[in-house]
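As structure tokens, here come the structures.
One chain, chain A, links the two complexes that follow: it is found with chain B in the first and with chain C in the second.
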Partner chain A sequence: MGKTIKLISGDGEMFEVEEAVAFQSNIIKSLADEDNADDCIPLPRVDSQILSKVLEFCRKHANSPSVHTKFAAIPSELCPKHDGSAAGASSSESSSAHSETCRACYDAVMKLVQWDLEFVKVDLDLIHHLLKAANYLDIEDLMFMAVEGAANAIRGNNPEEIRKLFDLENDFTPEEEKEILKEYSWLDDPFEP
Partner chain B sequence: MGMWAVLPLDLLARVFSFLPPDSVARAMAACKHWLACARSRAAAPRHAPWLIALPARGGPACFAHDPALNRWHALPLDFLPCPLRLVAPVGRSLLCRLTASSDLRLVLLNPFTRQFRHLPDLATPRRNPAVGVIDSSPFSVIVAGGASGSGYEPKVELYEDGRVDRWESLGPMPVEFAVRLTVWTPNESVHAGDGAMYWMTSARAYSVMGFDLRRRTWREVKAPMADQLEWAALVRRPNRKLGLVGGAVGGQGTVWELTDKDAWAAVAEVPAKLGQRIWGCRKEAAALGGVVRCVGDERTVYLFKDFGSEMLVWEEERGWRLMEGRRRVSSTPIKAALLHPTLSVAEIFHASM
Partner chain C sequence: MGVGVSSVMGPDGEAGGLPTGLGDLPENCVAAVLAYLEPLEICRAARLSRTFRGASSSDSVWETKLPRNYRHLLALATDEENPYKKSRLCKKEIYARLCRPVPLDGGTKEFWLERTSGGICMSISSRALLITGIDDRRYWSYLTTEESGFHSVAYLHQTWWFEVDGEVDFCFPAGSYSLFFRLHLGRATKRLGRRICITEHIHGWDIKPVRFQLSTSDGQLAQSKCYLDKIGSWILYHAGDFVVENSDVPTNLKFSMKQIDCTHTKGGLCVDSVFIYPKGFRQGKIFAADLMT
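What follows is the complex of A and B.
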């Protein structure tokens, strides 16, 4: 176990996690860099229920290639085939690009993507909280996944279905709603030259 | 109660940026907060741009091709008081010219949001000059060459949007460049990372001209395979270098890039079998006639013959692929450009003077 960081949620619960896990948050990373005798970082805007979910995500994503990283840019020490442990990798290797044809890396990233999708399946309340937490804590992968989760719930649905899923009140009159859909109806009409 | 109804606009805009336009449109109709967000914030485009085609002689509509669904849409232009001809894409809009005016008069148009705005008249009125776009925010436009009653106009002028409401002179230019740019008016311009605006004559033998915006000097760069190229177009490459796509009909198609030493390096070749679907083989080519059209930006290049025909698409990471054409191919002459569809009201149309 490497160096740990203590985080305090908005409702006063303490979480102790490895630096590698917590530092996926750019905010936590920069707060920890400042001199802090207790190594205790307060996060007043995140409650314990959400923070524990965020940390579960970060734990899974620590020492894994980011889902955004182009495969060619994955450093070789993160490749499962090369025994993934970051500790002990020589500094000269750490910045070298990994082969973009490495099947092990590709599979690892795909598995991670699948895990992410399962992580937020269906629960838009959770996605909402994770979206705000990812924004507040500046965690890129979590933001990406929460946004993707929300977008998936919108994609292909009509306005009424969207309202049900996202608990939105319809504050349009029927005429207003018709006008909006009419304005973009061209998107539904294919044209033959 | 709905937390999503009050989600901060920036976060909501990010969600919309992951969606194709038709999903954004339906999301807009869900509630007023979502409508306001999508209308006001155009998030950075994540999907491939669409191919927009305007009929060369104007018309009641223009056409937009969605690459994700390989589908064309007709966008009405009935809100325009006069027909327009496409010049170049700028930001999320199109720079166009008034078809009815022989002197160049430029108009900014967004066919998705149905907005348009006239640019001020040129300092020196002229016909058929070269037009170059600097796609920054705010944008600038350069006009060079052209002809008037008194002959060729070897002058360059610049318009910087939002700064002053007029064109400013950038001084004279060599007459031979003015002549070439007027007689073979370029179809596109590329503002490259070296600070130069590049144009290419619209017909063979292709000649590429560069105008250094800082030093205000001109130079000619020979096109690759200059004597053999039968179709060609300039494109911007991802590293902001100048690219040229071209080929000999019935032969190969190549993507080149201009290197620091003014030499052309081949970056990609069109696979022969795919290329033949577009320009036919040597024997057919002479009979078919017609010209291979090329439209591209940093990430995508389209090659096609006619409006509605099969299209060859190249993306650096995905390689080449064919997009099936429509049943009927139209012989309507069109000018095309790549543009990201917008559903939000474009601020560029509210530039205050």
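What follows is the complex of A and C.
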């Protein structure tokens, strides 16, 4: 196990994870970069249930290129087939050249994408928590997946269901609701020749 | 993306009393989610909560729905809104404006944004078409009708040489489009409040097919032919498709329909307008393209 970081959830649970896992979060990374003698980072606003889900995602994505946000080429040193033995290949050998031709890399990326899709399908009411956590901790790939998962949760569900899933309160006054209907009336009134 | 380090400790940096939980979804997150949805879904989402309402008006969401060349298209909408007000429209308002038809060429053409898909549509009135013999009242006349978006259609009594040509020069957003002629065999009128179709002039369409053609300035060509046979309804005859690669370059389209076999006359046809829709949006009367060498 490489260098580890200790994370303390809002409800006092301690998670010890490798740096590569924790540093998926730009926030955790920047906090750790600060002079932190005891390598213990408190995350008072994230409870253990959510944090463990987040770390599950990060564990899967550690040592993987950002597959969603950058559609990155896989540097050859991360290629599962080459197993780091492509030390001879210079990093300037365009990474994209490598992954374009490397079937193993392509398959690895596809597998990861599939895993991610399954990950956000489970527990729809967890989605908005993951979204908030990803935003708060600044984890790009999780943010990407959670946004897509949340969009799927909204699509095709009625307002009551969506409010339940997202813990939303209908905080409009009746006047405001009328205003909104008016504001969007242009969409209800299509010009159809 | 992501919040500042200081908010790890609390939303507004309150001293002591750390809040638990991540609070409500911030508006920027909601906007990121809404950007994935279709316009209708975004508008429905506006009714969920104040945060959703705010996010559903955000420029970042509507920018993804507007056609690439929306600034150019908006500039063509030189209408009642004064230029100052127009320059202050947010992206959502621009979308809404473009959903209303924008007249071109003295009102003989119109384009609009199709609200659900964000694709550009266009209609070209019969007045903007070059119809052979249109000035000869033995052959053609204009009829006023509410069944046309332009309130007027060209009606053919009879002719040997049936030819309708048209041209349009426009910056279509990149994508694939289909062009249709909207035609009606017979003349519709109202008797005692009911719609009836006068068929007395209809003849000649079953002898030879009408030939449709469409070409673009960059060398695309579509040709097809079809017998006109459905009487009493408006039919969209699919003339062909074209592809636009670059939203910033005007596409010059030339299109025509002809039946110029002079061994027989034809008549009893209403020509309303030409329609251009994003490919797949409208299914007209489809017939196999006939490659003519």
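Basically, the second predicted complex is superposed on the first by the 132 of 193 C-alpha atoms of A that agree within 3 Å, B and C clash if a C-alpha of one lies under 4 Å from a C-alpha of the other, contacts with A are read in each partner's own complex, and residues count from 1 in each chain.
The rule we apply is simple: a residue touches a chain if its C-beta (ideal position, glycine included) is under 8 Å from a C-beta of that chain, and two chains touch if they have at least 3 such contacts.
The shown structure was predicted, so the numbers you read here are calculated from the model rather than taken from an experiment.
Asks: A:Leu168 contacts which: chain B (first), chain C (second), both, neither?
Replies: A:Leu168 contacts both chain B and chain C.
Asks: With the two complexes superposed on chain A, say which partner A:Ile180 touches: chain B (first), chain C (second), both, or neither.
Replies: both
Asks: If you stack the two complexes on chain A, which partner ends up touching A:Glu148: first (chain B), second (chain C), both, or neither?
Replies: Both partners, chain B and chain C.
Asks: Classify the contacts of A:Asp125 with the two partner chains as first (chain B alone), second (chain C alone), both, or neither.
Replies: So A:Asp125 only meets chain B here.
Asks: If you stack the two complexes on chain A, which partner ends up touching A:Asn135: first (chain B), second (chain C), both, or neither?
Replies: It touches chain B and chain C both.
Asks: Taking the superposition on A as described, I'd like to know which of chain B and chain C A:Glu19 touches: first, second, both or neither.
Replies: neither
Asks: Applying the document's definition of touch, where does A:Asn157 land relative to chain B and chain C: first, second, both, or neither?
Replies: A:Asn157: touches chain B, not chain C.
Asks: Residues on chain A in contact with chain B in one complex and with chain C in the other?
Replies: After superposing on chain A, chain A residues 128, 131-132, 135, 143, 147-148, 150-151, 154-155, 159, 162-163, 166, 168-172, 177, 180-181, 183-184, 186-187, 190-191, 193 contact both chain B and chain C.
Asks: For chain A, which residues count as touching chain B in their complex?
Replies: Touching chain B from chain A are residues 124-125, 128, 131-132, 135, 143, 147-148, 150-151, 154-159, 162-163, 166-172, 177, 180-181, 183-184, 186-193.
Asks: Given the complex with chain A, which residues does chain C contribute to the contact?
Replies: For this pair, the touching residues of chain C are 1-3, 5, 7-9, 18-23, 25-26, 28-29, 32-34, 36-37, 39-41, 43-53, 96, 99-101, 112, 115, 123, 149, 273, 275.
Asks: Which residues of chain A touch chain C in the complex?
Replies: 10-11, 26-27, 30-31, 43-47, 50, 128-129, 131-133, 135-138, 140, 143, 147-148, 150-151, 154-155, 159, 162-163, 166, 168-172, 177, 180-181, 183-184, 186-187, 190-191, 193
Asks: Enumerate the contact residues on chain B facing chain A in the complex.
Replies: On the chain B side, the touching residues are 1-5, 7, 11, 14-16, 18-23, 25-32, 34-35, 63, 71-76, 307-308, 326-330, 332, 343.
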